[in-house]
Amino acid sequence: MLILFWILALTCVGASIAMVVTQNPVRSALYLVITFLCVAVFYVMLSAQFLAAVQIIVYAGAIMVLFLFVIMLLNLGAPQALRERGTLQPFFAAVLGTAFVVMLLLSNSLVALSKVRPAAPPEVYVPLGTVEGIGKNLFDPKQPWILPFEITSILLLVAIVGAVIMAKRRIQDHTP
Amino acid sequence: MITTEHYLVLSAILFTVGTIGVLVKRNPIVIFMCIELMLNAANLTLVALGRHFGQVNGQMYVIFALAVAAAEVSVGLGIIVAIFRTKETINIDEVNLMKF
Amino acid sequence: MIGQLAIAFPANLGPIYLPALVPYIALVIWLGFVLTILPGLIWIERVVIALMQDRSGPNRVGPRGLLQPTADVIKLFFKEDVLPENVDVRIYYIAPVIAVILAFAACGTLVLDAIPFVDAEGRQFTVPLTVGDVNIGLLYILAMASLQVYGIVLAGWASNNKYSLLGGLRASAQVISYELAMGLALLCAILMAGSLRLGDIVEAQATRLPFPGAPEFLRGSILAWFWLGTGLIPVVLYTIAMVAETNRAPFDLPEAESELIAGFHTEYSSMKFAMFFTSEYVAMLTVSGLNAAVFWGGWLPPLNVAPFTLIPGVLWFIIKVMMGIFLYTWLRATLPRLRYDALMALGWKRMLPLALVWLFVLAGANLALERRASSAPLPTPEAGAIVPRMRSTGGPASITGQPPASAEPGPQTPVPGSMEAPASNGAP
Amino acid sequence: MLQNAWLIVWLPLLGFFFHAISGLIFKDRAAQKRVVAYIAPGVVLAAFLVTCAVLPEVMALPAHRATVPLIPGLGTDAPWIKMGGFQVNFALLLDPLSLLMALIVTGVGGLIHVYATGYMAEDPEQPRFFTYFNLFIFMMLLLVMAENFLLMFVGWEGVGTCSYLLISFWYTQVENAKAGNKAFIVNRVGDLGFALGMMAVWSVFGTLSFFTTDGRGVLDLAAVEGGARDVLGNPVSAGTLTLICMLLFVGAMGKSAQIPLWVWLPDAMAGPTPVSALIHAATMVTAGVVMVTRCSWLFVQAPDAMQLVGWIGIATAFMGATIGLVQNDIKRVLAFSTVSQLGYMFLACGVGNFTAGMFHVTTHAFFKALLFLGSGAVIHSMLGEQDMRRMGGLRKLIPRTWLMMFIGTYAIAGFPLLSGFWSKDEILEAALESPWGSGPLLYGIGLLTAFMTAFYMNRLMWKTFYTEPRFVDGQLVPHHHSNFDAHDGHEEHAHAGGDEHGHAHGSGKVHESPPSMMVPLYVLAVLSVGFGIVMAHFTGGRFEHFLEPSVAPKSLYVSALRHEEGHAPLIPPVVGFVISSVVGIAGLSLAALLYRQKMQTGALLPEAEKARNPVYQFLYNKWWWDALYERIFLQTGGWLADRVLWRLVDAGIVDGIVNGVAGAVGLMARIFRRVQTGYVRNYALVMLLGVVILVGGLLYQWSKEPPLPVRERPSAAGVQ
């Protein structure tokens, strides 16, 4: 398992770095899909099967397709279109990013989670990630998730309306 | 033996990569992708910690984060399309009305 | 089940734990079937269309043109592999690979049959005959189906060809649109079965009465299957969506010859074209298999009477899949291609609302039935229609090939505050 | 009836509301005026009757005092303002002082209302006039009957407002509007003093009520045996009381036209004559006296303040009299006489004889109202002419009016046995025995003032009635006091269903006033003649005893001054009577003697002589007070406002600071706006910087103390 983890982790990080480095948005999107798929596998390894499926369906299947769709629609694929100019921004970003990740790693090792609290045994967490476990919890009146769930539905509705309004071509734009 | 810390470190690295991407890229679509990556890193943390503590809350958060991310992407891409329609470019450095 | 004969295989044959071998058996059966049938499918399609259009069809290579597919394959193998100019080479090459891999990955989880076993203590249990039995089976298939669009989109984009690009765009929009209706139609069946696992869905149909108070011999018959059980509308919606999802006529806009030459695979030739070809037909098999499993009783015989029960379940399943393929052909021969806006309007404005409304109606009806059932004097766990039937082999254990007994307590373990016993769900 | 005492206040208020909306009720202006002319005096006289009914009930009470609710149906503790320990109630205080004033206000006021129905009959805006008039009566009643300082202040401000509105009633003439403004603005100065005094009272006594049932009212505390106590029970220092009293007296100065705030009163004569009679002679200007009397328990314990009151009073009396000697406008003469008489009243208060002051308030209300109304009748007869230089010989033409004026003149001049004589004599007597000394000086000035009063009043009579007419009867040009021009006024008049004397106006002839104007004169004349002798002589000092429950006893004042009581008077009362009588008669006689020789011109000095005579100019120009104020306040203040406050402070400093800050911000913004590159990436970079600093700080914190307690990891808890 550990070997699998390392392979996936390196793939994941490598793909994400490649996503940032490459100049081609389509390739960026593909690398991101790889990252997402790796994360989905991590979910499976963390016994969150439902999330893994949703991750693939929503992120890889819908969101990234949407990205690709927009990239192709706007024909932004030409690599030279948005060439980066030389500024100090990447340098500072790299420095700060390094500092940030170093600090995050430090904080992880500092908190030493497994020393603070022992990990839960598998028989506790394994049922949680199934569709049944998620669903029962999500709609359990004793749990606080129903209201957020409903609000999320409203949020999605708003997003749909907003996206339609935003992307819709206004008629008066073309009348002289 | 994969401990929770493995996942935490991994997500920290992914998050930072996403952050740097947001900072250095000029293509708003790619910036969006980097934000998605950051979200995923956070989600991974949540799931890992949820497993660590044997709680379902982590996964719940991720479900909501997914929904929010979907909404964000749809609206964000709508904005990008609108910007492209008016400015004929989406270079984020040319969308700079928020300045002196 | 292997027929409906009351045969049960011993679970332990000497040192070998037989159920652990089931996925490999399924792999052999399924791969064999798919790889064999693929060329045949092309022949079938051409012949059927020819018959429908009152012409001869293939008749030169072999008897009745039976060897025609073989000739086609050989031709494809030996054709020149054209690499157009200014393509994004890596993506150009990887796109058909993605398509074909994902197509096969999706069809792997289709459940062909349920194998009965009996263990040393004499307890009977069944193991689904499938390559990978996951507890989110349907979701998995949907996920793979949604990923398949990448192959098309990337091919269209990488070809550096306007027709290809437009084909790819059309494909992505179309697949995203129809996935929704497809998922909602499937949800209706999931609602009835209470499980995402394909085997469970089929077994839910097997133990179902067509209507309350129906004679017992109709239990699990063709009338009890979900095509009728969910009220006909989901199966119609699913069938339309499945055709659109695989970009077949009359929804074959991504490769509309009259407008886009050949759409996303205009620039592909030789083996790469063959890969697309393969992926398309495998996808057809997959969605047809899903149709058969979810709405048409999977491996179940139409009636639990002698002549039908003698035929093995695998065969029934394959028969149903082939009927789906026939439907594809029939549609292609009959219907003209849709206009693009009509396609979108159908998907978003007709099918999606209808599916949504029907899902609500079905959920309400089920809830009412459950109420009535739970108010009955002696409620049994099977009384409610959406009582989930969890299989004993739960968790990721079955994926990793470990004995199912190790994860036995999994799904049924109550987690404080998070799960309740199913029967108490509807109790006031 | 006691519980219905709110009617006294409410009747005029209802009248006010009725008049205010009468224009909506009556479409016909003539009908409106007719109804208003009945309602307006009616409510005031009704209030008078209620007061008369309440009076014996109050006097029957053991304490001669009652507190009744102002809002019917609510208790006396119905709060108007309630904030923490600060509570002001809607309540009326009924005691001899307030009831006396209520009687004067409603009685004299009612008579003047009746008079005004005749006087204002021709004015098209008569309903508006009565609206203000009724409101004034309400406010005045509120002032005199208030249970606490704040409610009194409401009335105080209310009468000021009505005064302003009525002075500038004919606002189309700009002098009238200016006079109204002057009255209002000068009164503000006094009101500020009153307000400050009120705050001081509250801060010391913790309440604003005069009397409370639990003995915690201001005057309850002030009347404590052995000196005033504050809210905590500690003795109040004389200095504090002096401050309070002086502040309150500043208010009284403004309202009662004392030096130095007297300048508004003569100008206030710009209003219609009933206004001058009611507000600026009989009632409102006495409000200061009433207030000082009401606070007599405070004043008697502040000897310095008393002394100030006394000196201001005598100085005002003297000054008013001197100026009155030379005025030509008939109403102005009366106005300065009012100033002078008010000075007498304060003199009485200052020497501690508050009852004498109130007595003079009462008698003055009668004869000054009589005089003003009589002069109004003269003016009416003369078709609006006010200048005495163009009068003369009116005795034959309007004999009844002459008789009224004659009675009034002799009453104010202190002719023996008339009411003015009694009250003035009482004041002079008290001044002679001034507790703080200077008695003879005060007495002397007082006598001189009385002499001058008699002189200028008889001068008025001679100039108006006895000398040869200096106009041609039948060719008088009407002075129309109206906001509308003559035609409008006559048309209105004609529509009003004219009585005969409307035609007299048209013919330009001098004519006697209508009965509605004369009847109030008769009543007031009777009171002017008889009131003093009845109250002061026949009933043996009844008036003094009547007011006793409301006024601080003289003994308290004397004890505050550590004087011994009961020393023999400097002159016996009989001698005082004689001296007063002689002085009054002398003044009258001197005027008669002098003017008998100038029957033709009606003037002692020729006009050319007047212009050269510095003394005459000094007096005629009111001691140069207005010029002084102009120099001090208008010019200096104008310079201060223009050069200092506006150009230097406002434009220079304030605007400078504001503009400077804005400019500095702008400058900084020009520098710092470079930070706002417009590149979102840059902003995000700064955000990341912040996050790094934040996380770094947290880590540093955690490195010293871990956020969670570290526990031993149990065995075999790993994952897979």
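We call the chains A, B, C and D, going by the order they appear; numbering starts again at 1 in every chain.
By our rule, contacts are C-beta pairs under 8 Å (C-beta built on N, C-alpha and C of every residue); 3 or more make two chains touch, one makes a residue touch a chain.
As the structure is a prediction and not an experimental result, all values here were calculated from the model.
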| item | value |
| --- | --- |
| Pair joined by the larger number of C-beta contacts - A-B, A-C | A-B |
| Per-chain CA centroid nearest to the all-protein CA mean | B |
| For subunit A paired with subunit B, centre-to-centre distance based on mean C-alpha positions, whole Å | 6 |
| Mean-CA-position distance for subunit C and subunit B (Å) | 33 |
| Centroid distance [mean C-alpha coordinates] between subunit D and subunit C, Å | 102 |
| Computed distance of Cα centres, subunit C from subunit A, in Å | 28 |
| Junction residues of subunit D - those touching two or more other chains | 679, 681, 685, 688, 718-720 |
| Contacts with two or more other chains, residues of subunit C listed in rising order | 415, 418 |
| Set of subunit A residues in contact with two or more other chains | 1, 47, 50, 54, 62, 66, 73, 89, 92-93, 96-97, 100, 104, 112, 114, 117, 119-121, 124, 128, 133, 137 |
| Of subunit B, residues touching subunit A in the complex | 1-10, 12-21, 23-27, 29-30, 32-34, 36-37, 40, 43-44, 47-56, 59-60, 62-64, 66-75, 77-82, 84-85, 90-91, 93 |
| Touch list for subunit A against partner subunit D, complex | 1, 89, 92-93, 96-97, 99-100, 103-104, 106-107, 110-112, 114-122 |
| Complex interface listing, subunit A residues touching subunit C | 24, 26-27, 30, 33, 44, 47, 49-50, 52-54, 56-57, 60-62, 65-66, 68-69, 72-73, 77, 123-124, 126-128, 130-133, 136-137, 140, 142-143 |
| Footprint of subunit B on subunit A - complex, ascending | 1-2, 5, 9, 12-13, 16-17, 19-20, 25, 28-29, 32, 35-36, 39, 42-43, 45-48, 50-51, 54-55, 58-59, 62-63, 66-67, 70-71, 73-74, 76, 82, 84-85, 89-90, 92-94, 96-98, 100-101, 104-105, 108-109, 112-114, 117, 119-121, 124-125, 128-129, 133-134, 137-138, 145, 148-149, 152, 155-156, 158-160, 162-167, 169 |
| Touch list for subunit B against partner subunit D, complex | 1-4, 19, 22-26, 51, 92-93, 96-100 |
